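Note that the chains take the letters A, B, C and D in the order they are written out, and that residue 1 is the start of every chain.
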Amino acid sequence: MNALRGKENGTWKGLMTVMVTVREKVRFVETDMMGVVHHANYFRWFEMGRVEFLRQAGILLLDLMADGIVFPITEVSCQYRASARFDDYILIETIPQVLSKAKMEFTYRVIRERDGILLAEGYTQNVFTDTNGKIVRLSGRYYELLQAAQNKTESL
Amino acid sequence: MNALRGKENGTWKGLMTVMVTVREKVRFVETDMMGVVHHANYFRWFEMGRVEFLRQAGILLLDLMADGIVFPITEVSCQYRASARFDDYILIETIPQVLSKAKMEFTYRVIRERDGILLAEGYTQNVFTDTNGKIVRLSGRYYELLQAAQNKTESL
Amino acid sequence: MNALRGKENGTWKGLMTVMVTVREKVRFVETDMMGVVHHANYFRWFEMGRVEFLRQAGILLLDLMADGIVFPITEVSCQYRASARFDDYILIETIPQVLSKAKMEFTYRVIRERDGILLAEGYTQNVFTDTNGKIVRLSGRYYELLQAAQNKTESL
Amino acid sequence: MNALRGKENGTWKGLMTVMVTVREKVRFVETDMMGVVHHANYFRWFEMGRVEFLRQAGILLLDLMADGIVFPITEVSCQYRASARFDDYILIETIPQVLSKAKMEFTYRVIRERDGILLAEGYTQNVFTDTNGKIVRLSGRYYELLQAAQNKTESL
């Protein structure tokens, strides 16, 4: 569980304590010739965390897409602290920062399971668009699901 | 240029001498911790050769998809002779074997440019389906383009 | 469990019934614009199965590499039966075919968990080399581990 | 050509006008089921630009590695403006920001060739370490090569 102040008024009003953790094993193919995981792969891991966060909130990306909503990434960043290596078990922590009708912002922490070392911290921003790339605002049902996840957390 | 007998009667009737070559540079990200290119990447290279072969035949995959035709891979193989390494220039040779209304079969050779060493030989088979996965036969216009590419070659 | 006759005399002498299954969830990044998993990713999955098979046999690839042994892929193939899609849970079954001092051959089956549908069948061959690419024969200790895994299976 | 003030005193003292552009074609495999290039691939493109910038400066990553120097990524970011799509030709512009004995910082712009649209802007930071992960300062020869590239630019 994690506690961060919401970044935007009116979105996450209180302390956010919800966090979803995904456990993964580093794949051989994810390494490069420096012997460590190639840095681009962390964004694949963040995506897995984000997908799982939304799934636990009741939102399946396949449903969104079937409703004509896509969710392009508009901004990402990552700071690398230590190298993930082949066969490591990693924990991908996904923490919501902004969940509005217009966009989703998450931060992430990738932790090596065996010693708790922080490997990387990341950030992503998605917006919602229709399939022509036009910005849309998330429809009521999906937004309610996000709000419900938020409220459940805040009442803890 | 390459010469192979057609594998199927009624498809490529004579000697096939058409071949499309794509030149690429090995990317750092394509290596793995053994210090060489990860074997799965060769199928990305074969795909690039196949896309370019079809483009030169006048067939754009985006047009096919806009017409509701997709082209899933149904079979692949690869034999690896020597390792491609970071910074190598490679030549991806794409040779059509079967181009029918129902499927496309290609073979490939990946060659290291600086010394002509054969790195890998591959094979792929695509079929044509609609977006629901139902097998379709390639429509007249696209098939004529493939035939035209073939005839142009055979008249050489 | 699977039963296949060994392909080579003196390697797997009896029925092979050992099989290792890895469960994975299809990642968003593994899809392509046809809406299904890109075919090259199946070789990443086979690799995960192979790594886990060896791990259960007591052989860690990192140990092999620390001992100066690498294990380049020399041949692969895959037949695709149905498309894996985003969010599917898949089972990757890894079945040893040949485990000798000179090479490892495995076959694979990828199965969609929710309905048991066979998505793909594959084959890979690795050889053992030193870091200069020279073929080596697997040293006693590692080979004994493979043999032990085999014998444990055969005594079932 | 690009003009940016150096970010650090004593590193790039004047205007930097050097820029290296790499032209690439978007691969089918780089798309995802939203029909556009998956965002993680931009970091592969930035890497290609960075490799080419260093190559033009006379520095080959393979030489660095042979000398026991590796160059892990410590920070990245990317802002996505418009989607790259399959078959687009893209221009990857790589602009050095900081080239010191301790680290390299670059910014990038990815441009769609056919209409000059800016698709993405990025940033990466590498440090230099030995193969045990210990920070090192770039040796004289390599640093001179970077300085030479810089001076050649500044004298334009």
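Throughout what follows, a residue touches a chain if its C-beta (ideal position, glycine included) is under 8 Å from a C-beta of that chain, and two chains touch if they have at least 3 such contacts.
Heads up on the chains, UniProt names are A, B, C, D = Acyl-CoA thioester hydrolase.
Being a predicted model, the structure only gives us computed values, none of them experimental.
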Interface with more contacting C-beta pairs, comparing A-B to A-C: A-C
Relative orientation of copies chain A (Acyl-CoA thioester hydrolase) and chain D (Acyl-CoA thioester hydrolase), as a Cα rotation angle in degrees, nearest 5: 180
Separation of chain B (Acyl-CoA thioester hydrolase) from chain C (Acyl-CoA thioester hydrolase), taking each centre as the mean of its C-alpha atoms, in whole Å: 26
Between chain B (Acyl-CoA thioester hydrolase) and chain A (Acyl-CoA thioester hydrolase), distance of the C-alpha-averaged centres to the nearest whole Å: 37
Geometric centre distance via CA averages, chain C (Acyl-CoA thioester hydrolase)-chain A (Acyl-CoA thioester hydrolase), whole Å: 31
Per-residue multi-chain contacts in chain C (Acyl-CoA thioester hydrolase), two or more chains: 28-29, 33-36, 40, 44, 47, 86
Residues of chain B (Acyl-CoA thioester hydrolase) touching chain D (Acyl-CoA thioester hydrolase) in the complex: 25, 27-29, 44, 47-48, 51, 60-62, 86-87
Touch list for chain B (Acyl-CoA thioester hydrolase) against partner chain A (Acyl-CoA thioester hydrolase), complex: 28-29, 31-36, 38, 40, 86
In the complex with chain C (Acyl-CoA thioester hydrolase), residue positions of chain B (Acyl-CoA thioester hydrolase) that touch it: 33-36, 39-41, 43-44, 47, 65, 70-80, 82-83, 131, 133
